[in-house]
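Take a look at the structures below.
The same chain A turns up in both complexes below, where it pairs with chain B and then with chain C.
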Partner chain A sequence: MATTTSPPAADRVAGTARPARSAARRPRRSLLPYLLLAPAVVLELAIHVIPMLVGAWMSLLELTQFHIRDWSGAPFVGLDNYRVVFDVNSAAGAELLRSFRVTVVYTVLSVGLSWMLGTTAAVLLQRPFRGRAVLRALFLTPYALPVYTAVITWTFLFQRDTGLVNHVLVDQLRLVDEPPFWLIGDNSFVALLIVSIWRTWPFAFLCVMAGLQNVPDELYEAAAMDGAGFWRRLRSVTLPMLRPVNLVLLLVLFLWTFNDFNTPYVLFGGSAPAEADLISLHIYRSSFQTWDFGTGSAMSVVLLLFLLLVTAGYLLLTNRRRNDA
Partner chain B sequence: MRETAAERWSRRIVLTLLAGFVLVPLYVMVSSALKPLQDVQGAFTWWPRRPTLQAFVDMWSTVPLGRYLLNSLLVASVAAIFSVSVAIFAAYAVSRYRFRGRQVFSVTVLSTQMFPGILFLLPLFLIYVNLGNATGIALYASRTGLIITYLTFSLPFSIWMLVGYFDSIPRGLDEAAQVDGAGPLRTLFQVVLPAAVPGVVAVTVYAFMTAWGEVLFASVLTNEDSRTLAVGLQGYSTQFNVYWNQVMAASLVVSVPVVAGFLALQRYFVAGLTAGAVK
Partner chain C sequence: MSRRHLAILTATVLAAASLTACGSGDEPGDGGKTLTYWASNQGASLEADKEILQPELDKFEQQTGIKVNVEVVPWSDLLNRLLAAATTGQGPDVVNIGNTWSASLQATGALVEFDDATLDKVGGKDRFVPAALAAAGAPDKPPAAVPLYSLAYALYYNKQSFADAGITAPPTTWEQVAEVGRKLTGDGKWGLAVEGANPSENAHHAFTFGQQYGGDWFDAAGRPTFDTPQNVAAVKRYIDLMAVDKIVNPSNAEYAQNQSVSDFANGKAAMLLWQAAGANLKSQNMAADAYGVAPVPFPATAPAGGKRVNSMVAGINIAVFKHTKNLDGALEFVKFMTSDTEQVTLNKTYGSLPAVGTVAADPAFAADEQKVLAQTLATTAAPLPQVPEESTFETLVGTAIKELFADAASGRPVTEDSVREKLTRAQQQMR
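Let's turn to the complex of A and B:
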């Protein structure tokens, strides 16, 4: 690829006119895959890679509302934005740290419970029975539903005076006397978690279901022959066979949930209470409310570095265990 | 292998609970859409006492739902078509050729999917705005900008799934076509693609769903004219009133086509996931 230096020659490589070497088929052959990939690469570069680099650059600028119209004039401030982000004594730093804590707890609970529900449902639907297809379709529906319609419905369910949740708790089960608020205060975290699990577990179910199709029936028959009960079969056959699927699934769920913006944004109508202020929404709001894109970018970069660190650690750990085994 | 009675009953109980958890919001969406406004503003009732279709009529005039729907339809279908076309070529290259950078490409593309959207939202917003100011190419607040953005969102997973599908099509077919004198592109269009139709359809639906449901970028990159459903549905809650029956009616209308499409094609998704996961 790096043999041509002058622009006209480079143009010709990309084009079709290469009469002198058209007889030699190897170079043309090897160019074709790159041409096939070119549109995908260009798009990924334009929308993901370049903006990410620009974002890293922006985090080093004082990119406040005065400079957003003409950002080439924004002063370079080095790591000042990062100093603000990491300074837990400043209001911005303290709020970011709190949002980070909320997001960690949210992610661990949502991913863990979603994975458990998904695996349970997939295992229970493994064998044919009447109504299995209906249940499978039903369980997949939350995943297929557009996120905003699903979450907006939950907003309605969680209304204090007109919602189903309080109607059941207060009027029907009489568990509490005074209808609680769900979308502000401490309860908002619980509400957010429930909605998140409702939306997430069907994807876990879908993946585990796909993974189970690769488990040969003979394994179960052999295990049953040896007298293994349900739990024994689950522990010794199903879960080990699902390990490759679970390794990917848990990582994907972690990253999606940690970056979750839609659920709190729609559930609370734009601004989340402090108890449920997930990090993506927090960065979004602090960027667009104050129009301070420099600090917002610094927060985003820190978030990315954290996710990369966790992912790398996860991959290292799981790979080492696989090598040991 | 017989199921014991205890196993059977615990299975039934657990599945019933799960089904209830999933069903309740879906039921509320449907039943509330059938209620008049007064009935969703008072205490909750399970059953619509005075069922009416009025919400399905009113929802079009409370907010410009027709325009939002059209915008979403346009953006999601164009993004899906382009995304799948680009993915087909890329997946063909990854599946059928061994070239330098193949591994790097696969890993990079998949990992961009995992990055926080907020990370490139701010720069992308600035790039679109400044590009518009400098060159007059309107990407900010336009459907074109949204289409380009969305098609990259579904691209990584589409490529990944299509590679799985293409890999499952025997190479012998390719070689037979090439012996007959077909070039690489003709082989792709006349041999590989026809054999991978279910995969292509599933990926198209996935790309459509991705664009149809996106909220974050829609909330920043659109204005009143290019607004999509994801942002537009919030218009039913005003300072004074929330038209919950209309919100539910609109949500229902917006959801049914994608849910139906997804459920009809679910086994191809499972097949695609399996094919991808095997590698």
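Let's turn to the complex of A and C:
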């Protein structure tokens, strides 16, 4: 929904009436924004751009413990690290590919379910009722908790012998006879997904709730007068009106979830089970635990390019649809 | 001041502040009066360690006028932080390092080498226990550190559980471990506790079992030899304690935070393989007379080429970063920490053994536990390979064993082929 603005008529009139003064002030006005932006630009360069460029340079070096103190002595290996990364017949390449697949599935499920939960809760809490504020605050609690504290708590909950999850499943509900493992084996993916959704859905809820504030009541009233039920109103009024919010929300959730490091790191320690080996943790392990920063950097660059590609594709696609509409 | 000037000033200040923030850091020794020391976690908690160390550091300040700012770093973070300090030249002046990391950290070139002249400044080469000093760097180079606390693995057993099961003596072979373990397993209790998800612990046991089965993890040229038949058999023997002998609780496959020590202290497990567990057990209210300490067992019949090794030469070394601005003060501090008085005080507290020979006979180290550890170190312990890739070996092989324990716990078969596959994959990741 693009909008254009034009200077008020009064300004235009004033501008034509005082050309000399306007021309004199223009350079000063153009300088100030740059000065105000300068700190942000400096920080952006220092925190994001320069480290990214350094990372790209590292990916071209054989940077191990022998050269980590003095990079200038690290042998330049060109694209050799990338060959290792893309060689799915090598152990490093095969493990990266497996980690990538796990991460894709994890991201799709986590983002999809978080969005669905958040949207459902926001829609149900759209109309005022007694206790709504309490529920809103309660739903936002996981988002407000420090990530380390929250995930460590989940680690305790998922312990096989002493965790609350198995206590409920085995001792209280008697759904299974043998307590299952949650932090190793196949279930580790489920455990990771549960924690991720628990952490993420409140953000979706918050964004959708904010978006719903901009949906005029008149639209719902008109739809109701036309005989539209709850599902029809949701499909024809709510979701189309939330589209701008959802476009940004899904992109942000995708990027956050795909890069999620904290959740698996705290849940499983430095080395996650193969079933829950997300790519950010995999790259960390490839870099820091095996002290092979060249290969780790190559993996990071590939991940960066992939995310850039997906983001660009997503934005192009969504913009085209918006223009076509 | 006009609004424009105010805006320019604000922007300039913010930009300068951001640049300054980028340049701030943990400056090593400010040229004389302070040192930064990263201590490893040896006691029951980080806070307990700080309380133990602080009076000694105060003593050092009284003697030399040098203040030491100590930070106790958990083991899970220590190697990464050491690596970051080595990379950036920012960080502590003096650090504790696991002795098995010595050659790996030495390869970074960030640590002061203890050649004869430097060793003389901290008391001389002859002062240190030779086996401990040998585990402080690559064999063909001057040590990258000096030993601070000496440790070895031992078998801890619960006397009451053994008596209840009619077992009169601790096992001396793995076959006996399996046999008595089965007697001790039942009613929610298990024969043995292991730290199955802790890669370092796993790698230490892989080394010892490997030695007993005639395996080596690196050849003479320093190349990895992870998947030899001997190493496969050795790792399988260790995993079989859970997978075949069924004397280890499958839940141990999740353990990485010393839960196995807690299980032993709480009577949930009757045996434990650990390094100087006494202090930790005491902190968990297990009386010293409630457990016995014996050497780690061997195979009943030594496999071909098997060595009579039942522990790595374990321990903590103390090292100095080259980036220190107070090298003399740092070496003075190393000399202080390895002095007779401090060696007795600190090792007695932690239940470890002194790294210097002069106080080995001190009554502080006459308890049964320390006698077993000293005997092991003197006769049947061997150092882990002092090669630059050692820390990578610990990570990769330790993680492979973690995965094998997970397989065993989940009821998946652990065969020679599956062990070999994991070890081969680990080896392929070495570059």
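By definition in this document, the second predicted complex is superposed on the first by the 299 of 325 C-alpha atoms of A that agree within 3 Å, B and C clash if a C-alpha of one lies under 4 Å from a C-alpha of the other, contacts with A are read in each partner's own complex, and residues count from 1 in each chain.
Here is the rule we go by: a contact is a pair of C-beta atoms (placed from the backbone, for glycine too) under 8 Å apart; a residue touches a chain by one contact, two chains touch by 3 or more.
Treat the numbers as computed from the prediction; the structure is a model and nothing was measured.
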Touched partner set for A:F66, first chain B, second chain C, both or neither: second
Touching partner for A:L79 - first (chain B), second (chain C), both, neither: neither
Touching partner for A:F261 - first (chain B), second (chain C), both, neither: first
Which of chain B and chain C A:T141 touches, first, second, both or neither: first
Chain A residues touched by each partner, larger count belonging to chain B or chain C: B
Contacts of A:G269 with chain B and chain C, given as first, second, both or neither: both
A:F288 touches, of chain B and chain C: first, second, both or neither? both
Partner chain(s) touched by A:D161 [first = chain B, second = chain C, both, neither]: both
Partner chain in contact with A:P39 - chain B first, chain C second, else both or neither: both
Footprint overlap on chain A, where chain B in one structure and chain C in the other make contact: 32, 36, 39, 43, 46, 68-69, 159, 161, 269-270, 288
Interface residues, chain A side, partner chain C - complex: 28, 32, 35-36, 38-39, 42-43, 46, 64-66, 68-70, 90-92, 95, 159-161, 181, 183-186, 269-271, 273-274, 285, 288-292, 295
List of chain B residues in touch with chain A within their complex: 1, 3-4, 7, 11, 14-15, 18-19, 21-26, 28-29, 32, 40-46, 86-87, 89-90, 92-94, 97, 99, 102, 105, 108-109, 112, 114-124, 126-127, 130, 133, 148-149, 151-152, 155-156, 159, 184, 209, 212-213, 215-216, 219-220, 229-230, 233-234, 237, 244, 247-248, 251-252, 254-255, 258-259, 262-263, 266, 269-271, 273-274, 277-278
Chain A-touching residues of chain C, taken from the complex the two chains share: 4, 7-8, 10-12, 14-15, 17-19, 22, 76, 80, 83, 86-87, 89, 104-105, 107-110, 197, 199, 249-251, 253-254, 256, 388, 391-392, 395-396, 399, 402-403, 406, 409-410, 425, 428-431
Interfacial residue positions of chain A with respect to chain B in the complex: 30, 32-34, 36-37, 39-41, 43-44, 46-52, 54-55, 58, 68-69, 71, 117, 120-121, 124-125, 127, 135-150, 152-154, 156-157, 159, 161-164, 166-167, 171, 198, 202, 206-207, 209-211, 213-214, 220-221, 224, 230, 244-245, 248, 252, 255, 258-259, 261-262, 265-266, 269-270, 280, 283-284, 287-288, 293, 296-297, 300-301, 303-304, 307, 311
